Structure formats: structure tokens, C-alpha cells
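Letters are used for the chains, namely A, B, C and D, taken in the order the chains are written, and counting of residues starts over at 1 for each.
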Amino acid sequence: MNRLRYAVSLSYEVRDDMADFLLNIEAASTPRQSVVSERLEISPELEAAHYTDPVLANRLLRLRAPQGRLGIRYEAIVDIDHYLEDGAKLSEVPIAELPFDVLPYLAPSRYCESDRLMEFANREFGGMQTGYARVYAIREWVRNHVRFLSRSTNERTSAADTVVERTGVCRDFAHLMIALCRALSIPTRMSSSLDYGADVRMGAPDFHAVVEIYLSHRWYLLDPSGISIPTGLLRIGTGRDAGDIPFAAIFGKVESERPLVEIEPLTDAAAGIGMPVFTPKAISTW
Amino acid sequence: MNRLRYAVSLSYEVRDDMADFLLNIEAASTPRQSVVSERLEISPELEAAHYTDPVLANRLLRLRAPQGRLGIRYEAIVDIDHYLEDGAKLSEVPIAELPFDVLPYLAPSRYCESDRLMEFANREFGGMQTGYARVYAIREWVRNHVRFLSRSTNERTSAADTVVERTGVCRDFAHLMIALCRALSIPTRMSSSLDYGADVRMGAPDFHAVVEIYLSHRWYLLDPSGISIPTGLLRIGTGRDAGDIPFAAIFGKVESERPLVEIEPLTDAAAGIGMPVFTPKAISTW
Amino acid sequence: MNRLRYAVSLSYEVRDDMADFLLNIEAASTPRQSVVSERLEISPELEAAHYTDPVLANRLLRLRAPQGRLGIRYEAIVDIDHYLEDGAKLSEVPIAELPFDVLPYLAPSRYCESDRLMEFANREFGGMQTGYARVYAIREWVRNHVRFLSRSTNERTSAADTVVERTGVCRDFAHLMIALCRALSIPTRMSSSLDYGADVRMGAPDFHAVVEIYLSHRWYLLDPSGISIPTGLLRIGTGRDAGDIPFAAIFGKVESERPLVEIEPLTDAAAGIGMPVFTPKAISTW
Amino acid sequence: MNRLRYAVSLSYEVRDDMADFLLNIEAASTPRQSVVSERLEISPELEAAHYTDPVLANRLLRLRAPQGRLGIRYEAIVDIDHYLEDGAKLSEVPIAELPFDVLPYLAPSRYCESDRLMEFANREFGGMQTGYARVYAIREWVRNHVRFLSRSTNERTSAADTVVERTGVCRDFAHLMIALCRALSIPTRMSSSLDYGADVRMGAPDFHAVVEIYLSHRWYLLDPSGISIPTGLLRIGTGRDAGDIPFAAIFGKVESERPLVEIEPLTDAAAGIGMPVFTPKAISTW
């Protein structure tokens, strides 16, 4: 089991009379991730509406802030009890056996144009042995064919752009892997977290986007950018792609500062809590 | 109230050993649409799994068909008790008051790149009086700036393409209107139905895509293509865009014939059931 | 040497009072291609302006036709004295030594977005030994990663689309190869001809688009679609991409029939004229 | 007549052993623009090849620089004897009367997808009285429907993107206007110059992209971004779009600094040389 301390500070300057915020920054509670403790501070003090999506466990915070400074700080201690499985035992689930609520993750979405990548995905990966090995091969293909390059893309960049331009950041890697998997009829979605394990040379800790694949009736986590240690990924949001799970959707004229993120492991040998480490096994946190 | 008889016949030739089908052809049951009677025939006789989405009321039919001919015929009689409202009374719902489960209809989706249309939508419609009048102005803008032209687009065409190329069919009109509304932070989704009222010169009756807008805490129906009589629209599917609600998603090598669709009004003066007619009022079927 | 008989019949119905046509259907005269005889018939009889591009040798025919039927038939006998060279002897020309009038073929063009394919081209082909071997490897990559599929694309499809969608016809293969070569700073252009050697199962003879690469101070011909016999390619137009060399650009309301094309070898053993055959050598017709 | 002093300083750090540069920074000599004096300094001293395009008058400077610092400074005094004409007297030239060498400016190019904008251009501007009034209306449409926003686009942004996203810088305004004019069969090209007259609040003087339209057998200059005083535009390059006339095309690993540009009027009442001023007349510098 891993225990992580996560904190995020958001800082805004509202220019309109009022502005609305939808924040998805709180740690999710899932069958395998539990929030040990957490604290939310909003300054100035404002009432915020809370909502937890009954299926995806996303926690939304909605607030309306008046003109001026807005600061939000959230801090949590979270336990993740990873489900680890030998990849060789995982298989793709036939369409006929997919739970109905998994079917939407076969459809194309804003940043994952799987409908345009059918021929490519089938040509490149269609003949492979199916299962985790194939999914991992797609992850490797993306990691080996796209260059991680900060500021080479923007929030409108999609998987189709990345197939052409071959540069991007974590969300671009994730979108491309999602699109390729869906093009092969493998349900795939995005999970947002923090980039635990990322090289400090890449800059301060930041939000991170990774991929979840539905295999053997469970969602498995993969990071096609290769910059994180997957067992250190603390789930915040889950959705079809980045369009579903922005950490902040803002309505109104607002100036934003870059979010300040902290993520650190809290080990406790007595309680059986260790450091997040790389594992050759398939990892699920759901 | 309107009563409609709807029938659809699908005809496939499965080339692989087996192929999977996800069909969304059955009439939905909503607070204002009820299925009076229905019948489904599959030939050869096959077991089909049925699923109704608890939120959207979409009815999915899943089946696995062996090599050879597959025929599906569905027929239903459906009553629609429209909710009609004076458009002038309808207002856009502030972000702070939107139900949480309506928020996904603010996000961009595969065929509705609202994130790319922000500047355009705000420049063109941002200064207008908000509410049904503004939504109707967007509907009129789309209808007047895009030419209905069969076969000018394909199933990969998106709202951004339509802004550039200005031709399309019903789904292209709908995608563009959806994208523009979402760019203005108005929750908007797609509804699939039949093109009741379409000029016979446009060819045989067909599936039809229209738009639903969330105003005054209710979803209102608009057809930006202008080819249908909206009170004759019988709801089949509801989703973010056409990617969510194909009438048939097919997995495997299959040859398809064009679906044969029938739609006709069943009037009954004694029961207070009339012909679908144009109305200046805002129409809701939810 | 090869001698070919080529004929094309174009048939139009002008709906406006008048319509303008720019036709690029006549066989080009180049240092290695000579027109032995030719005949042009326009019905009704109309005056046509003729223009030959001094650099590219494209022959344009401009005419203005009144409402009604317009028929054009062009027929030519053409000799091609191919320059054949061992590919191993051909090298890429350093930027510093390129003739200035070759430089435009390094720039991106409408259907060849080489500027977007830099990372991809360099990653895939950047480390290869340069010269004909590299160019041929690009040709093979395109042929092996794109599926020839009639009607899968349209006249707006570009190289970036083909990288994503991986299907297309001859012009799509050519555009992608051109874009990849330019992304590597190899001057590359398009040549239009007839699809000599194409399998009759692909349908009637048709116009064909192939690629010319500038190596060792000469333009070499390659067909990335692989459907033609390159020594049977009779040059009609030369340009940056298909946008430069349509066989017909039409201004006004006109209905077009599919052009009827004939292409056949005229062998003459006595004169040393043989059948076009495949050769492992690099081929130039300039 | 106007006399302008223009200077540009380019500064590079070559990281490879050698890098190649193609520079288009020198003032063009056209029938109405003459270079009074000029000076070019390259440091370290390097041999440069010079080329002047016989048709477009673009002056290319090609040089090969070794690893290390490369500095280039060009300075010129240039006279422009504008041809001014009453716009009402200018008409669009029928296809049948266009010089053949003007025809390429009807075709779509990398950043000007006129082929995709046919329906839009015809719907919006097709019914207008043709001639300068229509061209000016297109210029006004672009200026009024796109927001000048630094850094909102990049060097891959095209006219089709700008129709969707409605923000950009001078080259985006120019590309969109060019694409719209070509979609109406009006020959249109790009001219690069300096942004004479631009508000100092927009930052230091910079290269600038404007539009040239072929009317009444002459090329007329328009700035759809509206930021310059057109009579102060000193021609550097002329081409189909920005892809043809980059001020610097660089081959090799090179770090670039932002070019430093100076542009100032040199008035001389005795010689009849005044300040560039706005004029309601149509302006040609060719």
C-alpha cells in the first residue's frame, strides 16, 4: 500500500463582477483509494457546492467568486491499495460481455478521434496477440514515437494532431493511446492525477494525465508518457478525455496563476506502507 | 398530444464468423414520451441483451450474429405529450444553478469543438439578450449559413469543418449548433429521431439528428437544419453528439444496407391526438 | 525508349450562360519526352488560348464555353527516352548547392504539410543513409502504411489527413510522400500522368499522380501507390501538389462526366521502341 | 513618393557543425519600388549567394554558417512611388483575360485553403458588386471578425483554423483574406514587409504580412489586419502565402533571437518626398 500527501494551491484574480469555477482537484474515493484526511481552504471564505459523480467518483467543487483575489488550497492524505496482476493473465473483454456502462469508452471523444485512427490501429496492432501485451505494445509505440516537449502543443491539440506532429506533453500521449485503443474496440478512458516520480528537471510537480484500460473486467492504469511512477498516481478525475476532467473550468474573466502542486510519499513501515516503485505488473486502482 | 407509428428495418450481411452489434433504434420512454406498443423481430432468431440508460433513457440492443444474413425490424407506436412554453419565458441557467449532471453538456465533444469556437460564438452571439431568443438566433444563424447538401460530408465531419465548409446534413447542422451553444456556456446535447415532415424530395424517411438546449431547468428541442416538423420528432437516443448515439455500432466485417424507416402520425380526434404541426412555442419532450 | 498513345475525352454540360475552363491535359514536351503527333478537338468549335509554362512545361488550354454541351478530345503519340541511373549513385543535393529555382519544392504546399511532419520524418527517416535509398525507403513506407481504397478520400484530403487515416488514392500517396521528403529538406514535387500498368480491376484507365524527387541535380520519378509501371508514365503536368495541376479547373456552373482516358504502348522493334517495363533503376523523364 | 529607411539585425547561434540559411530580408526592386542604397553585413564574414527571382523580384540570400555566433545586418534606403487609383475604377479580371502567370494565385496554398472556403465565400460575398468594393468588403469582414491577439496562433495556423478560432496575427489575417478572395476566383497573393505605422503598444517594429489582389491588370495592396499604414509598406517578398516567403528558412540546429527591425520615413520636401499617410485610394506598388 502507498500513502501520499497531496496539496494544491490555486490562485486567481477575478476581473468580472463575479466568476464561476468548477474545480476537480479533490482526491477521489474509489474501492482502492481512500482519503485518510483532507482540508479545503477558500479565501475569501465562500460557500462552495460539492458533488461526487456516482459512477466515476469525480468530486466537483463549484463556487462563485466576486471580483478580486481568489485563493484555494486543498490538501489530503490518501491511501492507495493497488490491485496488482500479472499482465499475462489479463484479456480484452469481448463486446458481448462488456458492461453497458463501459460502452461509452469505446466511442470517439473530443481529443481522441478513434474513428479516424481505425485503419492505422488495425494495421499496426490488429494482428497482435490481444490482451495486456497488446495494450502495453500500444503504450510503448506511443512513448517511442512521440517526443515529450513542453509547450509544443496547447489545450486544443488532439490525438490526430499528435499522430501528425509527434510532440506533446502527458495529455497528448494519453489522448493518442486512448484513441488507438478505442480504435481497436478496447474501452479506454483518462485519469487525472499528479506526476509522481517525474524528473525534477521537468519542472515543479504538476497535474498529470494517464490512461485506464478495461481488461478482464477491471480498469488498469498505464502512463504512455513514461514520466511517472504509476504506483504513485493518486486519482483525481476520471473521464473520456481531458475535456471531461479539467482541474478548473472557469466562466468569466479571470487571470490564473500556474497551480502549485505538492506530492510526496508518507511511508510507514509499521503500517505496511512503502514507497511507490515501478512494478512489472499491471496496476489497477479501481 | 401526438401519436406516431415508427418502424425501422435493418439488413446486414455478416462476413466474419461472428459480428457484434450495438443498436440504438428503440423508442425511448421519457416523462413525456411513452411507448404504447412495440415489436422487435430479429432474423435469424438471436438472443439480444437489452439495456436502458438510467439517465438518458437510451435503449441499447446488443447482439452477436453469425456469418450470413441478419435482419432486424422494430416497430412502435409512441405518444408524445409535448411541453410547450412561450420562448420569452425561458432563460439560460447560471452555471451556479445548473444540476451537476447537466455539466457534461458544457464540455466539448468529438464532433462539437466548442473550445475552438469561443471567440466566434462570443463575438457573434455574446452581446445578445440571453435565453431562448439567443438560442433561436443561433439556430437561425446555422440554418442560414450552412447549405443542406446530401453526401457533402461524412461521419468524420465535425462542427469545426462545418464552420469552414458550410455544407452538410442534419447531423452537421446539429453539431455546429451544439458547439456554438456550449461555447457560450449553454448546456446542449444531441437527440436522434426520425425526420418527420422532411420534404419527400429529400428522399426516403431517415434518421434525423436535432439539438436539445437546457433552459429554465428543462431540455428544449430545436432542429437547426429546418427540415423537420419538431413536434413530430420521436426520441430514440440522447447524447453529447453523434458519436454517442449511432443507430448501429458494428464490430466485425459486415455489409450494411441503408436502413428503411417509416414514420407516420396516427391521429385520433376522440382521444385528443392530432397531427404534428409547427408551433412558435418552445418544445420540450423531456 | 517508349512510345505511347494517349487520348482523353472530356464531356461537360455548361449550365451558366458561359463557363471558363483551364485544362491541363496535353502531353508535356521535356528534354526526354517529345510529342510525335497530337490532335485536339473541341466541340462546339471554340477558340482556345494555349500557354506553355516556360519552366515546368505544363501546357494550359483556356477556353470559354457557352451554355450547353462541351466536348473535348485530345490525342497524342509521345516518345519518352528515359534517363535510367543506378540509384546507388544518386545523392541528395546539399541546400547550399540547390539551384534557386528548385527551392520552392522544399516549402509546404496545400496538400503537403511538410511543416507539420518534421518530427515524424526525422524520427522515422532522419537517421538513414541519405540518397536514393532513403527516398525509396520513404516510398516503401508510404506504400506499406497506406491502403489504396477508392472513394475513401476527396479532393480536400491532405498528407496530414493521410498520416491519420491511412487510406487513399494515388494523389494521397503522392502527397504524403512529397510532404515527408520536403520535411527532410529534399526537394519534391508532383507529376500528373496516366496510370499505365494499373490493374484493370481498379477500373478504367485514369489520370494518375506520382512523385518527383530532386537527386544529383535531376528529377527522379517514383510512384508511391505502386499501381503503375513507372516507365509508362507520360508527363502531363508538374507542380507543387495536386492543387497546381488539376486536369480541369472550371469556373461556372458545369456538370462533368468522368474523363475517358486511353493509354497504350506502341512498340516498334525496328525503331528500338519497347514496352514499358519495371526497372530497378532510378527513372528520370526530365 | 515615400522614402523609407529599413534595417534588420538577425542573430543566431549555430549548434551543428554547419547550418544553411535562406534569407529573404532584402528590399525588392519593382517597377515602383527602388533601392536607393543598401548595405549587408555578415559576421563572421561569409560568402553568400544572391538570387533574385525574375518574376517576383524576391531576393534570396543563401549562406552556410559554421558553429557559433552568426550575425546579419541589412540596411536600405528605399523609394516607393505608389500607384494610386480610385477603387471605383478597378474591376476583377475575367478568367479568360488573366495573364497565364497570374493563374497560380487562384490555387489553394498551404495556409490558404480556398478550396474549403468556396461555399462560405460565395454565400457571404458572391452576390456583391464585384471589383475593389468587394475586395475591400472582404478585407473589412476579416478585420471585423478576427481579433488581433499576439501568440494566439503559430506558424502552422492556416486560414481554415482562423475561420474557426477567429484570433491571430497579421499573417493569419492575410491568409484568411487570400483564401476568401481565391475562393471567389480573384487572384491573390501575399507580400511581406514591415509593420510601418503599427501602434508602438504592439511592441517593437516587426515583419508584416499583407495581401495583394489582382484587379484591372495590376496588383493592389491591402492590410486586412488594419495595423499598418499601407503607403509605408516596403516590399520584401512576394509569394502564395507565408510558406513561400519566410524571412529566414534555416536548415540545421540553430538558436534564433527575435529579429530587430527598424523602419522610418525619410521626408524631403524639396524632393517631393512625404510621410506615408492613409489614403482612401487603392494602392499599388508594382
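One rule holds in what follows: a contact is a pair of C-beta atoms (placed from the backbone, for glycine too) under 8 Å apart; a residue touches a chain by one contact, two chains touch by 3 or more.
All of these numbers come straight from a predicted model, not from anything done at the bench.
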{"item": "Shortest path length from subunit A to subunit D (each step joins two touching chains)", "value": "2"}
{"item": "CA centroid of subunit B to CA centroid of subunit D, Å", "value": "47"}
{"item": "Computed distance of Cα centres, subunit C from subunit B, in Å", "value": "44"}
{"item": "Where subunit A and subunit B are represented by their mean Cα positions, the distance between them in whole Å", "value": "31"}
{"item": "Junction residues of subunit D - those touching two or more other chains", "value": "113, 116"}
{"item": "Chain-chain contacts as defined at top", "value": "A-B, A-C, B-D, C-D"}
{"item": "List of subunit C residues in touch with subunit A within their complex", "value": "113, 116-117, 119-120, 123, 145, 147, 160, 163-167"}
{"item": "Subunit A residues within the subunit B interface of the complex", "value": "20, 22, 49, 51, 53, 60, 62, 64, 94-96, 100, 103-104, 106-110, 112-113, 115-116, 155-156, 185, 243-244, 249, 251"}
